[in-house]
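Encoded as structure tokens, the structure appears first; notes follow it.
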């Protein structure tokens, strides 16, 4: 019952975080989890949406999308269909919540950051790769604001913690880390774990669409997810130190 | 640090499940968790969507919505805005996954059931009330099909398990069951737990938007959620026995 | 040629007007005309739309909608389709015009009231039940404003008159009052009559889709409608006196 | 208290019905009620919408629209806004019902006719001009089908009756026929009357947005409307005889 | 290989420009190129869109549309479909660019002009007829502003140059001017040429969808287009002098 | 008056065509014109749209889009706005026409190819880079079909000719090849030239939004564009030979 790519059950795929992949954004990271490839850009604008003006608080939001042929068969564009699908909405909201958890909006001041996560190639785990990459892009965008003296608080206080995310799942009763697409579609339980660099949880979402899961299995998956996030945190640290 | 309505931390609000609240649907339940009031209807149609024809499998889907003035201030209608919001999408998908977990689609045969969950009055926990009520409505719709001899499998085998759901959260460091709106907006951690009647998990979603949470806290919240779902399962059993 | 529910041709169905059915809105009424059940809420906001600011006039508008399974077969949600249908538009406009006829917008002052009429269960006459119930909800909302001293004019002068509405129709050549669904689909002529408490007309809409009608028939239907509205006016009076 | 254009209270504006105004449609009429100018085209297609196939019945539907600068100030296009407004929906439905009243759908056979009524210039009464012109365009389209032997019934039996429509209203307590725009905005009561060539009613819609009206006033307006429709019927007869 | 209507290869169809066709717009022209008939209206509003306020510059924009039965078979309305098609967008943008080329936006001052070009009947060349007619409507709208002393610059300086447009194409290897619909669909190469009154180019768009074209052919088509525009310029001059 | 990047007026930017950039599509090319970076994928599906079935002809279509932060400032997503903009429509249509010009749809047989051109980074000339890259992706997709013996005609006959495209423009009266963004916004005349490998034209679009242009200038720009396309053709040939 080997994994399709020969990995150990608790082994991540090769992870790369390429900073400054694009020339225009204030932060931009091409994140790769194996063949999954997501372009995360952080776009800064001065000011906040009207309903938040005068609050002294900044705003961080996220939008997730897939190129039509990021997947094995082509999907119609949501811009052509004229509406966002439920999956897009759900993932965009997850990314936004996760990234807001790592920032002090008061120290950010009345600045807005939009995190665009566009999947260029999909092979499972696109939302967790997106969160992991978006953190690095957000960090770069905050540094950009710091260089311009545009933050309300001390630069060090804006990024309160780091976040990273990974998927875990049960396949044939075995808990596995960082599922590729082939594993994802066969998983009995599928869980996304978002952790801080300190190992705390930001978000946990576990689903047993083709089955149910016991507390013991949930615990095993959480252990695996926490360990995976710790490795990703280290990869983020190295990328930001480069 | 008493709860707004004087409950114990591990106490549910008054739960009522009124079957046959509407005269047209094959199953219809008005579910109340305290002041939260959701009308859950199950609409049966013969046949399945085109892409599923000939598969021998049935189809169960869910749509969640709120009346514009179910809430303290009025929200614009999504029909008037011309698009579904992200929250609506996210909750509809959660309800659909949860209810599909309790049904054997092969035994259902090529029949479709749409579960409409319309919030008439909101006071926290609308999505978990919706899942809890939709289970009863779905059960009634399957019985309706059984009476018409329209199921592919034995009636008893169609409903594989029951599902119920409840929200739990940390307020001022205290784990609490079944949050009302006032608690919900103040929770540091907010979790929705969907369990089967046997106490297994169908879905777990924990979010720490205004904070992060440790494994120990997660465990305490899960314990509380599992216990709450067991009580709701009992309420469902009684309602169906009536 | 008895009526499906054994009523006399000039007899209304049982009418109930339950005030304060919901806890959040400034006015809320569950109106029932037999099995037809419409939740009418009146939501007050301070101020008026931008184009009306500084005019000294208030604003009253209405939105009508049906739950997807209010009817014998399920209809797709307009929020999912992304557009309002013609019937929804037409009825919303009729309710809005009817309710604006009973209010002195100058005495209301720069306040806005939105009347949401959501059909929970449909058995014919939903638009006329909606108007009849919305009047009571609007009355309660105006009283709420009066208690807050937020009206521009004297409370008594804001509600210039009451309005009530009823459907009438020709079935097999017989004029009948307050058609249920089964009668509605078989009517040769279908008319909605909106009257004030004084018996004047606010709106009259008669349609002979499957036929035409003579002046004499029109006169008979108007007589029946006026009498029906008088009974409904009395029911409103009692509900408001309770 | 003379009318803006010096007419008698019971006098129509100059009415012209120009057939074959366009070269492509099976029927096309430019109808003018004074300065109001509506292009009515009837487009025939073989067959009926899918849900009606095999019924043996034809289908007649109508769409009303205004050019953006048909009015004194420019309105945004509904195609640019991406949605139809309530007024457009309401009027399109009225025209469709009125024209279906004059046709025997069984004798039409499984053919579809779309009546497009595009207002090129508006000066009050656009919907009634549209109905009056669309009747002539529909008549020409049915003749076109008759020449092609494409009708299910005898040509003479397809057009069961003629329809014409006119607006009437109370201005300063005086009942007036065929209101121009300036009168329309000042009317206390506004009514649209759709009659057959035999003087029966097809549709009656009376509204007292800025007031209410007594039975006596309603009667006076109906008298005026019936007389106006009789004159329009004569104009249609002459146009079709030309 | 005669042309369908017997014209010489370098001969325009009969061109008419009827000014003041509509009573409401500040400029309105019914332009006809043979059977092609486009109503061009120029609507003036004081002020400019928000993003342009304070710039001292005016704004000119254009919207092109076709009535549903302007063509041989009926097209669905874009307002009903809820979205503009690519062709509509493309042509609206072409008309807007062409007309902005003939106006000094600084001399226009902070006024906006919307040019609506609605095709009442189509027989090829609708976009070039629209540009040719819209120029005359724009000229009239600028004169209207001049009479009201509402221009920032001298009236004579606002209209910097005239523009006219014509289609040219290769049919069976022969370059032809001003294609009618039957020629248009059979053209190997189709080109739209927009020229100023001085014979300079404003826009050139050549397409060889069913083939490719050599430089020599391009040159022949350009010659033909320039000559055609010169004739149209003369027709515009006469219309404006009338 | 040197170019921003020091190029000669008739010099292209560095051009790279990276084949098989993505793993899922039948053809995929990352094309770079300097800093402009477009991912072109060709997605093959068996069969053609319904309206084309049984014709024996294939179908090739294109969709162009920009990532929100491909540009110097972030643009809102068209999927979020719920509608495609005019520019997107216009460019998608241009790419589609250009690529259809190089394929024999009969030899392709009833297969469909969608060319998705997503701009990852924009620095002028995105549409011409897209056409140039899409040709190579389409070539690979046709080879893929050939290997599967799924073409109706001989593989060699399907690709009738190659196409490449480049922008040219007048800056300060100087004709320049392959404008970068900074030049593009300052160009008096902007032209896109689409040529076949044999030097014939497929499409020519010249616009003088901030000015007009004489025949002589047009000729100079065409010369430059034809020469640029010849170089790009050579780059395509090399990429396909690799």
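Chains here go by letter, A, B, C, D, E and F, matching the order in which they are written, and residues are numbered from 1 within each.
The definition used in the following text is that a residue touches a chain if its C-beta (ideal position, glycine included) is under 8 Å from a C-beta of that chain, and two chains touch if they have at least 3 such contacts.
For reference, the UniProt names are A, B, C, D, E, F = Ribonuclease PH.
Every value quoted in this text rests on a predicted model; they were computed, and no experiment measured them.
Taking each chain's centre as the mean of its C-alpha atoms, the one that lies farthest from the centre of chain F is C. Interface residue usage between chain E and chain F, two copies of one sequence, is largely shared: over half of the residue numbers at the contact are used by both copies. Superposing the C-alpha atoms of chain A onto those of chain D requires a rotation of 180 degrees, given to the nearest 5.
Chain centres computed from CA atoms place B at the largest separation from chain E. The distance from the centre of chain B to the centre of chain F, each centre being the mean of the chain's C-alpha atoms, comes to 50 Å.
Averaged Cα coordinates give chain D a centre that lies 33 Å from the centre of chain E. In whole angstrom, the spacing between the mean C-alpha positions of chain B and chain E is 59. In chain A, the residues that touch at least two other chains are 82-84. Order of chains round the closed ring, starting at chain B and going on to chain C, comes out as B, C, D, E, F, A.
On the side of chain D, the complex with chain E involves touching residues 22-25, 28, 35, 39, 41, 43, 45, 63, 65, 67-74, 77-80, 82-84, 88, 114, 116, 118, 120-123. If you check the complex, the residues on chain F that touch chain E are 83-87, 89-90, 92-93, 97, 100-101, 161, 196, 198, 200-209, 211-215, 218, 222, 226.
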